[in-house]
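Order of writing sets the chain letters: A, B, C, D, E and F. Residues in each chain are counted from 1.
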Amino acid sequence: MKLCWIHPTTANDALAPLWEKLDAAVRPALAAGTELEFRFLPKSGNFVRSAYAEHINSVHIVEAALKAEEDGFDGVFLGCWNDPLWEAREVLSVPVGSVSEQSMLAALAMGKRLAVVTVSQKTTIAIENDLLAYGLRDRAIVRPVRTIMPESDAGLLLGAVADPHAAFIPRLEEVARGCIADGADIILVGCAYYGPLLRLSGYTEVPGTGVPVMDSSTVALKYLETMTDIAMKLGAVKSTRLQLRAPPREALDNARRSLSLI
Amino acid sequence: MKLCWIHPTTANDALAPLWEKLDAAVRPALAAGTELEFRFLPKSGNFVRSAYAEHINSVHIVEAALKAEEDGFDGVFLGCWNDPLWEAREVLSVPVGSVSEQSMLAALAMGKRLAVVTVSQKTTIAIENDLLAYGLRDRAIVRPVRTIMPESDAGLLLGAVADPHAAFIPRLEEVARGCIADGADIILVGCAYYGPLLRLSGYTEVPGTGVPVMDSSTVALKYLETMTDIAMKLGAVKSTRLQLRAPPREALDNARRSLSLI
Amino acid sequence: MKLCWIHPTTANDALAPLWEKLDAAVRPALAAGTELEFRFLPKSGNFVRSAYAEHINSVHIVEAALKAEEDGFDGVFLGCWNDPLWEAREVLSVPVGSVSEQSMLAALAMGKRLAVVTVSQKTTIAIENDLLAYGLRDRAIVRPVRTIMPESDAGLLLGAVADPHAAFIPRLEEVARGCIADGADIILVGCAYYGPLLRLSGYTEVPGTGVPVMDSSTVALKYLETMTDIAMKLGAVKSTRLQLRAPPREALDNARRSLSLI
Amino acid sequence: MKLCWIHPTTANDALAPLWEKLDAAVRPALAAGTELEFRFLPKSGNFVRSAYAEHINSVHIVEAALKAEEDGFDGVFLGCWNDPLWEAREVLSVPVGSVSEQSMLAALAMGKRLAVVTVSQKTTIAIENDLLAYGLRDRAIVRPVRTIMPESDAGLLLGAVADPHAAFIPRLEEVARGCIADGADIILVGCAYYGPLLRLSGYTEVPGTGVPVMDSSTVALKYLETMTDIAMKLGAVKSTRLQLRAPPREALDNARRSLSLI
Amino acid sequence: MKLCWIHPTTANDALAPLWEKLDAAVRPALAAGTELEFRFLPKSGNFVRSAYAEHINSVHIVEAALKAEEDGFDGVFLGCWNDPLWEAREVLSVPVGSVSEQSMLAALAMGKRLAVVTVSQKTTIAIENDLLAYGLRDRAIVRPVRTIMPESDAGLLLGAVADPHAAFIPRLEEVARGCIADGADIILVGCAYYGPLLRLSGYTEVPGTGVPVMDSSTVALKYLETMTDIAMKLGAVKSTRLQLRAPPREALDNARRSLSLI
Amino acid sequence: MKLCWIHPTTANDALAPLWEKLDAAVRPALAAGTELEFRFLPKSGNFVRSAYAEHINSVHIVEAALKAEEDGFDGVFLGCWNDPLWEAREVLSVPVGSVSEQSMLAALAMGKRLAVVTVSQKTTIAIENDLLAYGLRDRAIVRPVRTIMPESDAGLLLGAVADPHAAFIPRLEEVARGCIADGADIILVGCAYYGPLLRLSGYTEVPGTGVPVMDSSTVALKYLETMTDIAMKLGAVKSTRLQLRAPPREALDNARRSLSLI
């Protein structure tokens, strides 16, 4: 099985330590026969915190997903909580997984009420909208998506590659404890990168609470792996009625040409 | 006050009779001092029924909205039920109205439970997702968005410019009566063009039921007109906290450049 | 167009400075051709904080609304958050607007989650019941209607006519900041009088938050103005099926006679 | 214990057979020591199917409820599905029961999903609004309140006093079977008079379905009886915080004087 | 009428003072002709705080309920918030009441938004699940079931038999005040024993708030009394469609034999 | 990895063809290194359609799950839609999967609105209660769980082992088409045995609709496989706060001894 992890940004050498650590964190979780390739976007606005900017970036992500399917991948992983999950799923014929949906579904089977702690105010909006669209409000706490403050930046992220305990974990834990007070019994890390870093550092539970801090990325990737296995062995991928039915390819390509995507 | 109505397609001379009749239908509804300009998109996939194709088209629409604001319009109207309302509202500083949101809000003040009758299966999905995101499920019937069948095409549309009673109205009315049986007391026409055509033809109620068939386009445009008046006279446009707060322009433009939009 | 603003009380000379300032605040917001007349109730319990007392007062308000329609007004505005909106809409043939419904609908297009800050504990109940009946729970924060404490009285109100910054604004802002902490991105002033006073004084946002403090009265009146324009130009007023269908007039008058209203 | 059943109309000799049969139906259901008095309203519009007319009638009902408490009744029963339950409960100190609320609560303990079959279109609206305000939507079927057609009139009612099987039951049963098909497992008779008549006639289940047809009036009266017993023996009547806290009597009377009620 | 109150534990002489006081508290609330018998379980795990342990204990409770019906009781009361209400109701033909359901229904008629204060963390889960299954979320506050901390134990309980003001009430009141701050206007005591003890001690309201502290056990028992009276006089017990329809007895007994219950 | 599939019944030689075919259907779907053992219950009521009977059977299932964990299995699969999922998950330390929860979660990622077609009326209740407890109502159609009629029996089941097209599929398809008309875009087979049989026979979609008919058993088992892999590789099993926290073993065993389970 070949899986493609699509990064939401262009390649960025300054973050090379992150890419290495991410690889080291997630690859061992996969089955023996599962190949994983990380791909960056050829073009991207690179983490502009804005609904419209993310909307634009989603075009790059869907294009990368289409390319991945063409290149023979059996499953595609959208490696960011800002994702065009429904759009990608509509136009692809292989399983598409996202950090957001797959980790939330996993959380439903691990606890009663989830909360997501993310890394910027704009992202809280995007994730909460997803959670509502997934119909999962009743399985999450009030104000189910909250952000660390100050927001994350490149410094915090690279610092966490070295050691998340120094700066990132205290910031996350303060928010997480508020979530627990409001009824959360499982916390999802609302950023595709911090989750694996936390797990590698051994931080997998809010201390003394019994509340897991889920490495959403790796868990979600594992779910995609099984979705892909189901597709390959059982032939079950998605409904092709209404929402997820792919449009005729020529019509779709016509739209793509309007943005010079092909 | 200057309003800009943004069409979701490029100009299409074959539909010239439609554009003329649409103008004739909506312009008289505006206040004396309100100027209205219709604008087509410079590029578009033109009505590809697909979530991803509409996602792409939304980029063209937001760009046209940004251009309209730059050109001095006081309010921007997204003239299609497939719209990037939240994204446009985020990045603009003037009021943005949509057929969908504004006509649904108007319907809330005209009845108890609404239904939308639209013109293709894919559109039912897009509109229902909007309705859910607006939080209006409890004011709509079960399966609140339904489509005529067979779906609309250019022939049906041009026929309706001439006379909607011949082919379009029977198709719509069959669905509308099913909605009424399920509890609807107001029907919204789920296409920006058919609504004004129906009204011009005198068809404004499902016969014998007391249930209005709303010309959603014109009603929504009137709501945008007052939103714009409120902005100009009272200074109230939108919250600038979280969801609708515009990102720094340079960061946004960086994203736009990734698609060669600027 | 002639609009009638119905006060929820009898005339009260002691509040003359309020009536003058209210007029000065809202009239300039209307279109050139819109005439506005304020009317007091001939009889009223005058702000008794009680569901049953408000129920009684609603009779006076509906009667005044019926009278306004008879007198040729094109639209009727119920100028208090305690209003008999559905009852008035049922029996009138012209558009009826309320501070509550119209300002909440406007808020839906200006933000994501609203909160109402009102001026007495009893009013929180009435407004929250309205919000729930409008089906807008999902667009409001938890405990979406909250009151200043101590509650408003004539002294506070007259003081705010002179300068709301002295006493009213600090009381409101404390509550508003709690609402923002719970997720509100737009605040509605839950009293028909304080809203215009705040706006006139220049207070239109919770400082430093980006959260508008909406002058609900004026915004709602503007929405009624466009509803009335739609009625006059497009003929669309309301559904006449079920809930909003007027009863036969003679039967209705029979009921009215039981209270010696006619 | 003394209970007062308040009719929603003035006395009407033409319906004397109904009043006798109603008395014969409900009185034996009460405990040995429970006294029951039926009272008619001194004034009423008498069954005008209209929200505003019912709003007016509710004033007469609350006044009758206040009078009943003054006269020493220990509990007050609002004998119509159109009732001012919350308003009466606010201003009285003794328990107030309604056909609607008490029979729905009883139904929650007898089945899984209820439906109400009522006798006019306008009443469906009133009852559904109550059901929503009680927060019971999830325990009822879709379109939970439905009406017989043609609607009830005096002839049907008097006919049912003689024999409900001839005309009323077939009309009700047709609707009830539709409710069962939509998931109802208990049917409430949405009229205070038909329920006891049905039960007296031996019709207590939709034949062959296992679905009870509840005599809502008698069941609700029994619930009020126990609420009153709880008040008398345990002292527990209602919360006096916020919604149900009675206003100061002098202020309330001021409002009542505005309608010459006292 | 003969009612059977089923304790959720085996007899325990160490708690004899509790059993005596409980009897003294609830018996006087019943009607003259109502006989009440308390029964302990012959076997039980006795208050193991665990979903599976309670599931096991529920078997003992249903068996005791079946036995009570065989022994001629007219109504059965499940005397613990951990109860197999739906299962018992399915297999019995006489009314079954629970502290949980009956007291919540009673609370709906006494206030607007309820909260339950219980005595252990595990119980909060069980009760909240019941509340959700009853469909009453909208009538309860956020996090509607909360626990005293430290949790209750035998010492606290026996202490409360002597005087609940010393230790139990302060612990409960702290939680109750938090509930009121979150909007509760009625508090249910989430333990079948503490409720009667509180009432006997004169503690029936959170001081100074107008918020009743309901003795859920006695109120619920009164509701069962009237349910049983309704069954005996009107013949109405439950729907026998789907959920509450009893299985064929021989098939059921086959299942019971698998656990050597018969 | 060793997985244990727990049947909800005792072994039954009459169904030997079913057990063989089931094994043949699901085993090939697992990863190379996954061992699967089917276990029957030592005691069971064997498919009594009753909530209480299933409650009793759930005791046998949890006991079998505890035994499986003791015997070294890494994950436990509850092989029936009637399952004690939460109770088993509470007391086990290894992942527990169910047909119901895992297949519904999988369906969320394959479509928009699911429906379950099950094989008896009683089972519709059990599954719908689960669906509601999972918080997934908004992702399912109205009346989301429906049954074939006549209900399934041993003859139908054995017939389907031979060829499901003869009798079972027509019965299922009639119901499934009703679900699709009500908005379902994915159908789950609500019986652990028919799903694999359908898939083996090549029936995986309602013909001509694009709507998958999901073999819920195999899909759910695959999800358990990945949950177990996540547990083994990442250490993430469940929250140990509140609901899923295991009780002290001695206390639990005390409860189990009350039913002579140990």
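By our rule, a residue touches a chain if its C-beta (ideal position, glycine included) is under 8 Å from a C-beta of that chain, and two chains touch if they have at least 3 such contacts.
Just so we're on the same page, UniProt names per chain: A, B, C, D, E, F = Hydantoin racemase.
Only a predicted model underlies this, so the values are computations on that prediction, with no experimental measurement involved.
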Count of contact steps on the shortest path from subunit C to subunit F: 2
Both-way neighbours, i.e. chains that touch subunit D and touch subunit A: B, C, E, F
Fitted rotation between subunit B and its twin subunit D in degrees, CA, nearest 5: 120
Farthest chain (mean CA position) relative to subunit A: D
Chain pair showing more contacts of the two, A-B and C-E: A-B
Distance from subunit F to subunit A - Cα centre to Cα centre, in angstrom: 28
Interchain centroid distance [CA atoms averaged], subunit B/subunit E, Å: 54
Approximate Å spacing (C-alpha centroids) for the pair subunit D, subunit F: 45
Inter-chain centre distance, subunit C versus subunit D - centres from mean C-alpha coordinates, in Å: 32
Overlap residues in subunit C, where contacts from two or more other chains coincide: 112, 125, 142, 242-243, 245
Graph class of chain-chain contacts, one of line, ring, star, complete, other: other
Touch relationships between chains, expressed as pairs: A-B, A-C, A-E, A-F, B-C, B-D, B-F, C-D, C-E, D-E, D-F, E-F
Subunit E-facing residues of subunit C, complex: 125, 142-143
Subunit F partner contacts - residues on subunit A that touch it in the complex: 28-29, 31-33, 95, 97, 101-102, 105-106, 108-112, 134-139, 180, 185-186, 199, 204, 209-212, 214-215, 218-219, 222-223, 225-227, 229-230, 233-245
In the complex with subunit E, residue positions of subunit A that touch it: 112, 142, 182-183
Residues of subunit C touching subunit D in the complex: 43-46, 48-53, 55-60, 62, 84, 86-88, 90-91, 121-122, 124-125, 129, 132-133, 242-243, 245-247, 251-252, 254-261
